[in-house]
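Read through the structure below, which is laid out as structure tokens, and then see the notes.
Letters are used for the chains, namely A, B, C and D, taken in the order the chains are written, and counting of residues starts over at 1 for each.
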Amino acid sequence: MEHLGKKTWVIAEGYIPAYGNGPQPQFTSHETACILNTGKTTAEVEIYIFFAGRGPAGPYKVQVKGERTLHLRFNDLSHPEVIPKDTDYSSVIKSNVPIVVQHTRLDSRQAENALLSTIAYSE
Amino acid sequence: MEHLGKKTWVIAEGYIPAYGNGPQPQFTSHETACILNTGKTTAEVEIYIFFAGRGPAGPYKVQVKGERTLHLRFNDLSHPEVIPKDTDYSSVIKSNVPIVVQHTRLDSRQAENALLSTIAYSE
Amino acid sequence: MEHLGKKTWVIAEGYIPAYGNGPQPQFTSHETACILNTGKTTAEVEIYIFFAGRGPAGPYKVQVKGERTLHLRFNDLSHPEVIPKDTDYSSVIKSNVPIVVQHTRLDSRQAENALLSTIAYSE
Amino acid sequence: MEHLGKKTWVIAEGYIPAYGNGPQPQFTSHETACILNTGKTTAEVEIYIFFAGRGPAGPYKVQVKGERTLHLRFNDLSHPEVIPKDTDYSSVIKSNVPIVVQHTRLDSRQAENALLSTIAYSE
């Protein structure tokens, strides 16, 4: 398929809860950027994390192969540094080809889980 | 009414929980694409499903009649193949006339349900 | 302030749960269109409801005064007809001046409430 | 990084629940505007609050430093006046440089929390 989407995406809301309840890993509290690459070419993606009280971290580099989706858990990013839990952050996602990004969180700190999701801002 | 919307929509987030709780079918865990056709002409809609570890599935073909809405459960898509549960996916929805698409999930795996919804990405 | 927004908005997802739990009216299951009119002029708003199995209802007419917000519960619309509960629908909201519309649902059918919200589609 | 985003943002939905449950301050019911400033220059931000039954309040003035994020709780705004709880409102956020705004609510009135989030409307 053709490359749908944009090359720059922004998720202003970011927060990884410090703990969770329920069977692992499905009910681990997590923050996800769902990245879809509808085209044939591999997407070279760079992620930058912005904080309230210090300068940005990154770039974190990930690849999304052609005609594949990647549901990336921010919890799993470790290089150049782990994203601290229970801390406000935002993220910018840049790609060399158009992609589509959607933001989702599962918060399982309490007995029953809570969900949020929104399309990211693109330009 | 005139045809409002766009012809191409993308939902980067997709996940059908493997199980649920509560009275059926309202509380079955499900993933929905709400498709509105505001115009007089029937919309011929094709859906493509993208995965993390294999090539895309589809097209799934559905019709939305003029001036009607279709709340399509991905759980119900069966031809050319069923969408596996507990598996990350994304979807692209193409129509021959402008439509509007919104994405909603009811997650009823725990005792209390959780909801998410967002407008899809369009171009 | 100047009139911010657009004159046509679409909410593809619509569903009023048939029952609820908790103190009334805050925890009544409801579906809301939050309409903001940032300008000085009163907004004359018309709402059309689309269904899966019959033609559209409306227009429902509401006014939003200048520099005021209206959190309109679809449950409260009664003229020209009540919107049935436990039924899929979509809505189109048209205004004579630019407005901004956001869609929110409180689902209180179970012991714990669930929330969803998204900006509507505009053009 | 360059300044990503827009200078005017609108959140049509606004409501601070009157009470909450769970450990403070993480589980205090709250309404948040997550504001990201990806550029080098400090963003001078003005927030206006619109109500159903009276004229707007504000401007509330906040700064977001260069390459920083601010997860602003509407609960914390006090000058020129506190935003009343259990009251419908909307907000307009204006900045002298482009920013990105996302809207999130944690509702902890019941035993289990509920979450909503959406990208704001921008122009």
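Methods note: a contact is a pair of C-beta atoms (placed from the backbone, for glycine too) under 8 Å apart; a residue touches a chain by one contact, two chains touch by 3 or more.
On a predicted model such as this, the values are computed, not experimentally measured, just so you know.
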Seminar exercise, completed: Superposing the Cα trace of subunit A on that of its twin subunit B calls for a rotation in degrees, to the nearest 5, of 90
Exercise. Can we say the copies subunit A and subunit D touch using the same residue numbers, with more than half in common, or are the two sides different?
Worked result: different
Seminar exercise, completed: When centres are defined as mean Cα positions, the distance from subunit C to subunit D in whole Å is 22
Problem set entry | Where subunit B and subunit D are represented by their mean Cα positions, the distance between them in whole Å | 30
For this session: Would you mind listing the residues of subunit C that make contact with two or more other chains?
Result: 111-112, 114-119
Problem set entry | Of subunit B, residues touching subunit A in the complex | 8, 10-15, 48, 50-53, 55-56, 86, 88-90, 92, 103, 105, 107, 109-112, 114-121, 123
Problem set entry | In the complex, subunit A residues that touch subunit B | 1, 4-5, 22, 26, 32, 34-36, 38, 67-71, 100-102, 104, 111-119, 122
